[in-house]
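A short write-up of the structure that comes next.
To keep things simple, chains are lettered A, B, C and D as they appear, and every chain counts its residues starting from 1.
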């Protein structure tokens, strides 16, 4: 029977296995393991081909410790276009400007934390003064920019040029990888822009980025997208394909805990995206339902192992 | 023992119970039922007091059938400030301009749907031609605006003025309830703005809204927020309190399926928000973890019953 | 197009709506709302027909306040066969023997609670001495039984006969509704049986119930099942249909937060059950993904309104 | 400030990393990554000490490809007591008796599958005839047993002795690792027992296992538990500590997607278990919220790397 071609091969785990060997074992397993192995296959094919590589980064991935993984992906040419939330950029700047995040606990006395001026992000603690230091630096940078009309992408590039390369924003600027952040106002960057514009002029056009983003989509031969979480980054990347005459993404990988049943775009399946033409009818696409702070490192380690060894 | 003051009262369900009576029964139950009853209590107190009422609307709530519930809340003065996603506004416009959404199935052949030009949103089907009709109308409206410099809020108000009042955008314009949509570019409105600005000028400043939004926060005596889902609307509403000298929201209700464990802001608890000062130390706040298309109607029905009867 | 027959009708919420009227509004909405309305339709049809009605009750539903809802369903003939977890029976006995559960908090200091001898079940607190009282009563009852060979169902019936009718176990005994609890050893009833059998004889055969359960399945004309959560109750009810020549359940309703993606039976869709023949090819079946402490009361209120009025 | 001792160290991913090296990088990250690294630390300490090691296995882990991982853990002395669901044992027997599971798709036409006699478990397909072969073998084995009074553990040991050692049941019998399965009736083993006992005698006492299980708990010096999913295995392992004078488990690891908010025991936190005394006040305990088919292999690979190298 055609449905019964691929027997499940029971995994074997040995001491000293590499990420690539683990994925090899997962490739004939099912549920999340099978899907993660499929994600590695798709990512490898996407990276080997001449694909324009979009990366959607939502969720508090920088506070969780994913900052340098993303930075290295940009540096090594694994990301051509980054779409992310303001928060990830804010926390990238906090660290590049000398601040730290700390491991805390998820069941904390939040009112006590507030008195101690510690901000909590699940089990991460961020001292208020690291935040304040970031705010001051950013306000100074806004003054320094001395430029009035920009797109969001241009603003982020200007910031990136002024920070150390050992950061997402810094390396993206060096590598000329555009960062799009449609909801930039919805972040501490937005709050500082508000403070800045109480005395100075700054005009960042909401829609100006669309032209550049669409041009990238139009020029691409093949297109692939990796989505960490959902949110604005996922939708912004996907929606571009509706108006692009490509017929949808050729490759798509989604690492998320969001579920489809509530109907929101974050949890929507990549199959649903095919009905809209956002993902191509013949595309290779997979969603892995598991914590992205676990699956992203494995995905990256395994695909690096394949690409750099062969 | 102080911890043991409130015995669980086993619920009793009778024929003909109103939403308010159901909530009454839930008020001494636990888990989701107890939390939903608490949400009704908080919402009632928030609405009875002189509270500035923020409403964060994420998820595909308009396609799901929540459009007129939100519209009526605005009309009846239950919402002072609406923050939402571009998608909810797009689907509001699709319906006010004569289009429909349809009940479909969640396990569909999405490639076949694509051939039939039907877009799927979980178990909702949207025919492509209703979408196309919306796009044409919106492009015409952009031309008609003939205005170049705006904030996002002003753009949405201009659109709202030109559509029937039996819609979220229409009634908000009539009632002078501002709609904020920081990620407007991330929607079909953004896509049409991109088309429009290929030939015409339009400059919508990303940060301009911040001033108006902050002014509302500064002027408010008491503040309350209802969050349907998370996303940008939730964060945008909450972050304003960081820079406002109020000490956080006085009331907060969250109806969501998102979970805290992945660390994203959408699933973050309202307690976590207290560590940041986004929600006040003495605030009344509750999260109900259940599908908002079920909990929102009950919440609204029960609170209307209490307010309009007493 | 055949797919586009049922337009979404936007819900309207008014003061004083009954559960039935709320469900009426939900019946042309989507996502959870649409599914809950469908569940009411299915439940109504199942109750109006001559259906053998199975009820699978998992999760801490008794501590949460659902005890008398289930008890009344048994009393009023809405349940012919109850399959549940040991825990729900234990907590039923705790209350019928004078104990209480209390509303606590979900983010508590559990070590401190342990010192205070308070057991926590999410946001429910149960004082250890109510538990101890239950244990003593149950041990006494085991002695009183003075019977050595029983099935689990018979043991539960014997207990039920000895407790007040205002309980799940009591009313089931009065109404001759069998309670099956395959994992009875996995509960405080099991722990007390262990204590009891250190000095006395008691032989409760694990497989003896299967005959009675299968006989019910064989004799049934039409079959329907309501699943609150998943676990053993769900699987035990469903698996019977594999060996029954009926072709699967005719009606099935599932109220759960479990998700399909991890592959466990609790989160498995009712469609998956059709591949096994557990649910019939032509069955009416729906899963509502939301907290059952919210959806069960509404489902029951709405279906009672329909049945008792018409 | 005491809360700010452990800065998040941003992860670095390199080509060729072993599971142990990946976990090393995760050990100063947060969210799921940090928790998984903590799980490895706890597991290592638990395995190095003279700990009685319980393993709770729920969910369809055998069909998913985790069968030989569990089997090898038993073989290598990592598991002293296995508590599992009937389903995992059934699927272990299906494979050891020559059957296979196959990779299918999660969005399938289940009625068509039913016609083709293929049973679906999320994205795993199981042909009906492999199931039938298992049933026949098991019925023959029941006859062969020719023993009437047993505990569930003894029944499973008898089966284990008669199957190849390259299976969970076979190796457990060889290694004298007891398998407990309180809800055995709730599985195809239960269904076959029902068929068997229509003509033959078999008396498997539900509570008989409790004595042996409690003896193990009483004799243990230190106790540790790994929970894959929740369900009966989790509760059965945990509840034993309520009546054991140990003060709860010393080590506990939980790999699950279940969430606490619905109040069920499957999703309950290990902190909640401390209020009951199931987990010790000073225990090391962690829950990793992610798909166990991904986290179990990594956990095992990393802990093997540590134990076998050092």
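What we mean here is this: a residue touches a chain if its C-beta (ideal position, glycine included) is under 8 Å from a C-beta of that chain, and two chains touch if they have at least 3 such contacts.
Treat the numbers as computed from the prediction; the structure is a model and nothing was measured.
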Same vs different contact residues, subunit B with subunit C, by half of numbers used: same
Between subunit A and subunit B, centroid-to-centroid distance (C-alpha), Å: 25
Chain centre separation (subunit B, subunit C; CA means) in Å: 34
Averaged-CA centre spacing for the pair subunit D and subunit B, given as whole angstrom: 42
Per-residue multi-chain contacts in subunit A, two or more chains: 30-32, 60, 63-64, 107, 113, 118, 121-124, 257, 259, 261-263, 271, 289, 291-293
Category of the chain touch graph - line, ring, star, complete, other: complete
Touch list for subunit A against partner subunit D, complex: 1, 3-20, 22, 25-26, 28-34, 36, 60, 63-69, 72, 95, 100-104, 107, 113, 116, 118, 121-125, 127, 257, 271, 288-295, 297-298, 300-301, 304-305, 307-309
For the subunit B and subunit D complex, residues of the former touching the latter: 30-32, 107, 259, 261-263, 289
Touch list for subunit A against partner subunit B, complex: 58-60, 63-64, 87, 106, 108, 110-111, 113-114, 118-124, 152, 182-188, 190-191, 193-195, 197-198, 202-211, 214, 229, 231-232, 235-236, 239, 242-243, 257-266, 268, 271-277, 281, 291-293
